[in-house]
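One structure is given here, and the rest of the page talks about it.
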Amino acid sequence: MTVTISSELLVQASALRKVYDSGFVAVDGIDFQLRRGEAFGFLGPNGAGKSSTMRMLGCVSPLSAGSLRMLGLETAEHGPEIRARIGVVPQDDTLDTELTVRENLLIYGRYFGLGRAVIRERAERLLEFARLTDKADAQVEALSGGMRRRLTIARALVNEPEILLLDEPTTGLDPQARHLLWERLYQLKADGVTLVLTTHYMDEAEQLCDRLVVMDAGRIVAEGSPQDLIRTHATREVLELRFPPGEQQLTAGRLAALAERVEVLPDRVLLYCEDGETALAAVHAERITPLTALVRRASLEDVFLTLTGRTLVD
Amino acid sequence: MTVLSAPHTAVHHGRLRGAGNMVARNLLIYRHTWYLLLAEVFEPVLYLLSIGVGIGQLVGRVPGLGDSPVAYSAFVAPALLATAAMNGAMNETTFNMFAKLRLNRTYESIRATPMTAQHIALGEALWAVLRGTLITTGFLVVVSVLGLAHSAGILLVLPGAALIGFAFASAGLVVVTYLRSWQDFQFIQLAMLPMFLFATTFYPLGVYPRWLQIVVECLPLYQSIELVRQPSLGQVGFQLLVPVVYLTVFGAVSLRWAMRRIDRALTR
Amino acid sequence: MALLPDLARSPALREFTYWMHRYRRTWRGTVVVNVANPLLFLAAMGVGLGRLVDDGGSDHLHGATYLAFFAPGLLAAAAMQNAFLDSAGPVFQSARQRGNYRAAAATPMRPADILTGHLLFTGFRVLTSALAFVVVIVATGAVPWRHSLLLLPAALLTGLAFAAPVAAWAVTVTRSTRINGVFRFVLLPMYMFSGTFYSTTQLPDWLRAVVSVTPLYQGIQLCRELALGTAAPLDSGVHVLYLAAMATAGLLLGRRTYTRHLYG
C-alpha cells in the first residue's frame, strides 16, 4: 500500500493569524504541518496564543488570515465535516454538569449523529478507558479534577477521532493524576491517534511529543523534536548555582568566563556547558562558593530561556 | 482500544436531526427534574383560584367578546393559559439557557461537534415549545376540572399554546444573547410584568382610553391572549388569523435573528 | 448621646456597613423589583381592575374603593416579598459560595452580630421601598396622608416578621432550588390568599381560619386598618404583637442556626 504525501499531512497551517475584536493579535502568522500518527506539541507560556491556535484547529474560531487545511479540507468551509472527525479537549472542562458521567458520553455521541447502539457500546469502553466505570452514574460535580479531565478526554474520543486536540491536558492536576493521564495518552498514541497538545510544562512536552514548536507572543520561535531543540538551543548540561541574597550580582560577572553561556535568574545562576562537573571545579578554583550547586541535563525550559530570555512558568 | 479501526462515516446533520439532539439532551435532564414543570402549572392555577374566583365575586360578570357577558373566572382563565405558555417557553430560553450559554459553557462543548449554532438555536426553541405546551396542557386539565372550559373551541388552545410558545421561545433566544449577568434579568421582568398585568389579562380592553388600547393591541401577549380567549369563549372565525399571523411572523423573525446572535456569541 | 458612639462601634453595624457598601453598586437594578413591581401591580389591579370591581359595588370592601382597599394590602405583601428576597438568597450565598459570612466570622464579630447586621440592612431596604410606595399611594389619594405615617413602621414590622425567620432558615439551606421552592409554594400562595386582592371574609370558613394565622394576613390587616382609619387598639395590638413575636422568634432561632453554621 502506498501512501501519498497529501494524505499523510493531516494538518497544514500557513501564515495562520488570529486577531480578536479588541484588535489584539493572539496568533501572528504561524506555519506548521502535521502527519498522521504524530504527537505534536505547542510549548509556550500563558498568553503565547496556544489556545487561540487550538480553537482554530477545532474549527470553532474563524481565521483572521492565512490558511488552514485539516484532513484535506479547508476549515473555513468544512467546519462541521472536520469536527465530525476530530476530538477536542478544551483548556477548561466544559462537561455538561446537569448530566451524569455516562449521560455525558451518550449525549455527546448523539451530537456526532452516531446510532444509539454504537454509542452505548463505545460509552462503556470509554468509561473503562478513562477508569471511570464505577463513577458512571455519578453527577459530574462529584468528580475530582483528574477524573473530570479523563472524562473530557473520553468524551472527545466518542466519535473515534483521527486527530485529538488537547489544550493543557494536565494543568492544575496533582502529580499522581498527571501520570495517570500521561499513561492514557501514551495508550492513544500507541493506538495510532494523532495527538496535538499544548502545554507550558516542559516535562510534559518532552514525555509526550515527537515534535513540537515553541511559541511566544503569537509566533513560533523554534521547531523540532525535543532532543533536536535541546541540542540546537542549549548545551548538554547545566550547572545551577544559588548564592546568599545580594552576592549573586557580585559573582555573576566572574562566572561569565567559566561556561559557554551564563543566564542570571532572580534566584539562581545557570551555567551552560558540555560538562557540569568540570565547570563546577572551575567555579571552586576561582574561590567562588555558592550555597548550593546542581548539575543537570539541559531541558526544554533551557531552550525557552535561551530563545526568549524568560522562564516558561512564572 | 483501537480508535482508528472503525471506518469513518461523514456526518452532516440535517437541521431537524441536529435540533432533535438538543431536545434529547434536555429530555434526559427532565427525566430527573420533571416536577419543576408542575411548579409552573401551579402558579397560574393559584392566580386562577385566587383572582379568578376571589375577584370574580367582587366583579360579577364582565362584558365578554360577543353579546353576553361572561363569568369573570372564564374571562381570566384563557389569559392565564396564554401566559403559562409564554412563561413556560420563555423561562427555558432565558433563565435556563443563560447558564448554558455563559456559565457552564455547555454550548461551547456542543459546538466542538458537527452541531452548529443553528442546530442549537432551533433545538432549544423546539424544546421550549414542547415545554410551554406541556405546561399549558397541565393548566388546561385543571381549568376543565374546575368547569371553566365552556366551549369545544378550547381544544384549539393546544396548537395555540404551541404557537405562543414558539413566538416567545424565539424572542427569549434573542434576549438571552444580550444578557451579561443575572442582574440583567431584572430588565426582562421590567418588560414582562407590565405586559402580563396590562395586556387584558385581568380586565377587558374597554377599560383603557383608545390610544392606550392601540398600544396594548400591539403587544405580543395581547395577541396571544386573543388567540386563546376567543375560541375559549366560543368565538372561532377568521379574526383568529390576526394573532396567528402576528405570532408566526414575530417568532420567525426572532428565530432568524437569534441564530445569528447565538452564532456570534459562540464564536471567538 | 452615650448610646451613639457605642452603636457606631457595634460589630453588627459593621456587617450593616458591608451590605450598604455592596448596595451602593447594585441599588439601581434592585429598584426594578422592589419599587416598580408593586407600583405596576397597584396600577394594573388597583386602578384597572378597580374599575370593574367598583362597578360591581360589593359590600365585602366595607364601602372603600377597590384602590383604597388594595393599596395597603399590597404594601404589606411587598414588604414580605422584599424581606424574603433580601434575606433568603443573599444569606444562602453569603454562607455558601460567596463566603463573606465565613470571612466575617473570622473577625471579632459574633454570628449574632452578623445576623443583626444583615437584618438591619433588610429592614433598611424594606423601609425605603415602603416609603416610595406610600408616597405614591398618598399622592394618588388612595390613602389620606394622616393615615400614612404609621404605615411605614407597620410595613417594616411585617418585613422583619419574615426576614428574621427566613434568614434563620436560609443559613442552613444547602441547595438554591429550596429557596425558589419556598418562594413558589409558601410565599406565593400566602400572597394570593391572605387578603391582598380581596377580603378574606369571602373565603370558606376553613380556609379563612388557616389564612388568619399567617403572618402576611396579620401584616395586611394591620396596614389596612391603619390606612382605612379603622384601627382599634385591641385588634391592631394583636397584629403588632403577633408580628413582633415572629420577628423575635426568628432572631433567637437565627442566633442558634448562625452559630451552628458559621462555627460548625
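Think of it as A, B and C in the order they're written, each chain with its own count starting at 1.
The rule we apply is simple: contacts are C-beta pairs under 8 Å (C-beta built on N, C-alpha and C of every residue); 3 or more make two chains touch, one makes a residue touch a chain.
A quick map from chain label to UniProt name: A = ABC-type xenobiotic transporter; B, C = Transport permease protein.
Remember, it's a predicted structure, so these values are computed and weren't measured experimentally.
Looking at which two chains touch through the most C-beta pairs, you get A-B. Distance from the centre of chain A peaks at C, each centre being the average of the chain's Cα atoms. Between chain A and chain C, the centres computed from C-alpha atoms are 56 Å apart.
The centroid of the Cα atoms in chain A and the matching centroid in chain B are 46 Å apart. A straight line joining the Cα centres of chain B and chain C is 31 Å long.
Contacts with at least two other chains are made by no residue of chain C. Remark: chain C residues 26, 29-30, 32-33, 36-37, 40-41, 43-45, 48-49, 51-53, 55-56, 58, 60-61, 66, 181, 184-185, 188-189, 192-193, 197-198, 202-203 touch chain B in the complex.
Chain B contributes residues 1-6, 8, 10-13, 17, 21, 24-25, 28-29, 104-106, 108-116, 266-268 to its touches with chain A in the complex. Only residues 20, 55, 58, 60-62, 79-81, 83-85, 88, 90, 92, 94-99, 103, 106-108, 110-114, 125, 129, 155, 157, 159-162, 187-188, 191-193 of chain A touch chain B when the two sit together in their complex. Interface residues of chain B facing chain C in the complex, by the touch rule stated above, are 39, 42-43, 46-47, 49-51, 54-55, 57-60, 62, 72, 183, 186-187, 189-190, 193-194, 197-198, 202-203, 207-208.
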